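Please find the structures below.
Next, two complexes with subunit A in common: one pairs it with subunit B, the other with subunit C.
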Partner chain A sequence: MGQKILFEKIHIPGIKTYDVYRENGGYASVEKALKMNPDDITEEVKTSGLRGRGGAGFPVGLKWSFIDKKSGNPRHLVCNADESEPGTFKDRYLMEYIPHLLIEGMITSSFALGANLSYIYIRGEYMWVFKTLERAIKEAYAAGWLGKNIKGSGYDLDLHVHCGGGAYICGEETALIESLEGKRGNPRIKPPFPAVKGLWQNPTVVNNVESIATVPWIILNSGEDYSKIGLGRSTGTKLFSVSGHVKKPGVYEIEMGMTVDEFMNSDEYCGGMIDDRPLKGLIPGGSSVPILPKHLIFKTANGEDRLMTYESLSDGGFATGSSLGSGGFIVYNDTACIVRNTWNFSRFYHHESCGQCSPCREGTGWMEKILWRIENGQGTEEDIDLLWSIQAKIEGNTICPLGDAAAWPVAAAIRHFRDEFEYHVRFPEKIKNRDHFVNEPFEKVKHLLQNTTV
Partner chain B sequence: MKVTIDGIEIEVEPGTTVLQAARMIGGDVVPPAMCYYSKLKDTGGNCRACLVEVSKGSEADPRPMPKMMPSCKTGVMDGMEVKVKTSERALDARKAVTEFLLINHPLDCPVCDQAGECDLQNLSFKHGLEKTRFKEEKRTFEPENIGDKIQLHMNRCILCYRCVHTAEQVCGSRNHGVLNRGDHAQISTYVSAAIDHEMSGNMIDVCPVGALTDKTFRFKSRVWFNKPFDAHRNCDKCCGKTTLWMFGNEIQRVTARKDEFHEVEEFICNECRFDHKEVSDWVIEGPRKFEKWSVINQSNYTRKMDKVVIDTEKQILEGRDQDRKKISMKEVPYKTSEK
Partner chain C sequence: METLKKYHQDINITPELMQRIQELVSHYPEGKQKSALLPVLHELQDAHDNWLSVELQNKAAEILNITPIEVYEVVTFYTMFNQKPVGKYMLEFCVTSCCAINKAEDVMDYTCEKLGVKPGQVTADGLFSVVGVQCLGACGYAPMLQLGDFYHEHLTKEKVDQLINDCKEDKITLHDK
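Right after this comes the complex of A and B.
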């Protein structure tokens, strides 16, 4: 049984309410933090080695230390709860079942940064979670944890929840800030980084829900203790949102460093495949990270065990590895059609592109159209190469990482499952049957490809 | 501050961007800019046509930048080394951007009023593919009336955001903007025919493509059939310095004066632009010069043009003969004697 940090108290009945949360030791970290020096808190988080849980994995303490404290402008902390990555739902679970943990983390973190006005930016589709948070904040205000002069320490903090309009791009930190300011959610061009000029041109830190919710534990114990959990530079625990063809999908908290094999097949976690159909692929970190084919899931390219850490999952670069991303763990068995799946992701990125910079605006739509053609049996051999060329042209040429996120799944699908694309191109009459991949999984018809010549 | 662009060293003020430094050098090293406009604040960074490779960050931090940088938004650092035309990556990225901009562009240059002074035409002439790889149907928008002075062709728009910034900074208020997102993002007014401001005509000048054109000039003439003249008049709203586009003795169009980067020198008001089409309204200074490769110089009647003689008729027919045999009408004999 691994150590639980975020889910330690989540199963206590009534933990959603302030009274139960407080009885179970809630807000103790705020009491402790208010007596500390804010810079010491940042130092503590730095020692913990906590890395941002939103996807990029940038060390949280380092991010905090970049904030411009000299300018004298008011500072802000913004919690990024705009969790829209397909396959990721850990933040929602956390906010829905233990909202006070996030609020406690927000108070502690805001105190460390010297922010007197903080925001939680939540996506528009999480309306009920928005209401849960609003209620929790009201309770926190009533108990004196928010507002003027918190518990006599002389520190003021106002916390607001802001509901987004439902755009994936607003999960990008600068687009989130624009949206929070009431503008169109277009990412800004960096530099300047938010730590210097963020919300209303003030120094701002944007952190993921999970990162902020981890801070109370680090304060109550110590950064040293936190860094002992986990493996190497991937310290602490991580939430994984498991979906797909496994017995027990859901949100799991694990200590980093567990093997992928154990996580997927032990009864405590995913519990193995849903039925006796074999495993085909795995997306370990949400839709924007590359898919891993069967032979690269449990072992890396050089034969080591693949572990649930930032380093091990990205071992081998994108050629033979993937990325931990935001922890959206999607498992596919052999009845999944990779082409259809890639098309679906592409459709998502096409729909969610903000339209600000040209490679992403035009490229995502183009990729979707080509994938749609291939998926419907109207593709040609050249289309596969064309897709490859388009994704290479989008990647790295855009303002924000959405272009990269749209390009990577397509690149990985072609890299590892090219034969399946070829099958779609060469046997249009077979794939025109809408559920061809259920009746005839690709493994069964793979031999047909050998008989064809181009 | 010293910055080296394609091996050419130049001394610039701190706060200059790479693009501005390249423009100071001039010539081939200037990256194309589809969205950046030096006369407007906050423009740039959207089109990605000006991507350059920074091979040395600065004297203090000599690491190269891993990503391609938009030169219009990247400030120079002391000792920075930038590759524009010497970098294969930068040229590839520029070609990619050109292709992306063109896939949904209607390519209706033959009927577009902007043809001849269009930045996208120049860009695709230099960096475009000769064939399209885009098989699908192009994206289109419903036609929309945004006012009685300006014609909006949303299909041609490349979303450079220049007109949005113009409305904000030159007009002071804007009632048009970008609606929707992704490739369905469009320039639009929420209420139709709403653009009505005395400086709104400048949006026509800043538009790099034919998305915003002059309604009073619509379909009147190709720009290279007009003779451009610098002229001025006393105007209490603007500087009054304009370029008149004449056809014979008729003023067909009035625009602001544009420099070699196709940016206006000074913004002009709608009264000068739309309401004064009589020669007597203006004091004409002299012919306007354009860069030597510009198609507008076609109107320069003083240049001696050789008579074009076509004597390839024979080869053309031969080619046709071969083609007929090769492709469609194999069975049909070309000459009766061939039977």
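Right after this comes the complex of A and C.
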């Protein structure tokens, strides 16, 4: 389980700089790729089984094969470094510590796609990383890996880094393209898909940082070698951003297939719960995916071990499972309040809704308002049902998946933690302080729900 | 009159700033200079006390040869562009889940109290403002705040005290130039 692909060289002193990166075998995948047929590179990536690491898990090679190479219009590769899903901070780690790995991946991938002008779109708040990448790109130009006739191959590529202005929605690929065109980040109606009409109406592929940073290894080794790592259709290694109530938060690279139990409790990874407090819930893939209650974290509903794979994390559907999403692994102990946390997420989605579709624009606001009411002891039993019906009406009725992403956390919270909502409604005097469960964990007081009838 | 004065901004596009803007514009194809809008607004804002007056937004439109409305609609969409003066040191606390369960709200309240401001307000000397923002991608290093181009992580009240002192003593670099 120890294979490292992305982090293999990250701890080498000075690896941030071009010289050290190159001395350690950097840019070798470009040398190899430039001698290959571009479509064969796409085939290798297809064989690897690499799935998009931005959240949706769509096969990367397949996406590349959709790019319109017939129209003759210029093509672009755009790297999605918007990373704004709460709980996710892995792309930042890669770009901060080994920026040339992403640049190398961008060159190799752009060559495969026949793109001559590519961009890295990074969230504006990561300004120091933006500057780091700018410097690294200058180094790559100076060393002849970018620009005209790269290493005598006849292939030209210009690569630039572009910064956003603070908007989660710009992580959605068509909003990202709008934003890169200097506009508001309103997602486009699909089709047409970016592979046909993307940046400036040209064929465009948008891929996550981690997806692109994996390509050099696949080209240097082989798609088949990559496909042997991991488990089943969850091939390769995956970065997880760990936060919340564990002993060792941070970014970890693991081979997919490890048990959730080992990842959470071994000293090599999360190191178990902070202060050894009881576990309450886990969000395995960023704020948009359903929270799992304690009894569904280490085992699936069928009693099988829950594994760190796309398939196992979603086993049971939304009734008893969740999703690997962006790999934002957020752990909650018994002091966390699910109602408050769900309100916190609804506030986020309300704030980040672009406002184009009424179910999302209005629904996120209503959910935030009702959750705030319940969290502050002014909610009613009907409010819980109202919340349920609002989230159900957003899901599937919007232009982009942000609407669904706003609905799912609310649905999962009610599905698995309805008793906490009821407690808030029935015992308003017990939840006045925002730290109510820090002072008195729900486990200690939930018997009150049985004893009293209203 | 008071308000008019308060919202006045002296615009100064130095040759270096103009050169940097030209460099950014050169990253996009001929005729697609509007794409440079976000990076250019960041540069203009950084050079003008961290906010963008209408006059400065008009200037951006002029430089990029686009209409002013194209700039206004962008400035109002993205959270990082400030349409009013803010403190020289704007302390932006993440208040999203992973930070919230790590006492972000307590640290932010403490900071507000210490500086005598509410979220969104600027101290009388114009030095500080405090705001709550959404997840900044530092969830594993919570609680945290952003100040200029940099993050300050694993915050405690003591660290906030130190940071505020460093700001007052002009020891803090805001931008990575």
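Definition applied: the second predicted complex is superposed on the first by the 452 of 454 C-alpha atoms of A that agree within 3 Å, B and C clash if a C-alpha of one lies under 4 Å from a C-alpha of the other, contacts with A are read in each partner's own complex, and residues count from 1 in each chain.
We take it that a contact is a pair of C-beta atoms (placed from the backbone, for glycine too) under 8 Å apart; a residue touches a chain by one contact, two chains touch by 3 or more.
In this text, all values refer to a predicted model and were calculated from it rather than measured experimentally.
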Q: Could you look at A:Ala167 and tell me whether it touches subunit B, subunit C, both or neither (first, second, both, neither)?
A: both
Q: For A:Gly281, select first, second, both or neither according to whether it touches subunit B, subunit C, the two together, or no partner.
A: neither
**Q.** Larger contact residue set on subunit A - subunit B or subunit C
**A.** C
(Q) Under the stated touch criterion, which partner chain does A:Gly198 make contact with: subunit B (first), subunit C (second), both, or neither? (A) neither
(Q) Quick one: is A:His351 in contact with subunit B, with subunit C, with both, or with neither? Answer first, second, both or neither. (A) both
Q: Determine, under the contact definition given at the top, whether A:Thr88 touches first (subunit B), second (subunit C), both, or neither.
A: second
Q | Touching partner for A:Gly54 - first (subunit B), second (subunit C), both, neither | A | neither
Q. Should A:Ser241 be classified as contacting the first partner (subunit B), the second (subunit C), both, or neither?
A. second
Q: Check the residue A:Ile189 against both partner chains and state whether it touches subunit B (first), subunit C (second), both, or neither.
A: first
Q. Counting only touches as set out at the top, which of subunit B and subunit C does A:Asn397 meet: first, second, both, neither?
A. first
Q | Contact residues of subunit A, present in both the subunit B and the subunit C interface | A | 167, 184, 351-352, 354
Q.
With touch defined as at the start, can you tell me which subunit B residues reach subunit A in the complex?
A. 44-49, 51, 67-68, 70, 73, 92-93, 96-97, 99-101, 103-104, 133-136, 139, 158-159, 161, 177-178, 180-185
Q. What does subunit C use to touch subunit A in their complex?
A. 27, 29, 32, 34-39, 41-42, 64, 66, 70, 73-74, 77-81, 95-98, 100-101, 105, 133-142, 146, 148-151, 175-176
Q: Would you pull the subunit A residues touching subunit B in the complex into a rising list?
A: 167, 169, 184, 189, 350-359, 361-366, 369-370, 373, 386, 393-394, 396-399
Q | Interfacial residue positions of subunit A with respect to subunit C in the complex | A | 83-89, 91-92, 117, 123-128, 131, 158, 160, 162-168, 179-185, 200, 241-245, 249-251, 287, 328, 330, 332, 335-336, 340-341, 344-345, 348, 351-352, 354, 434
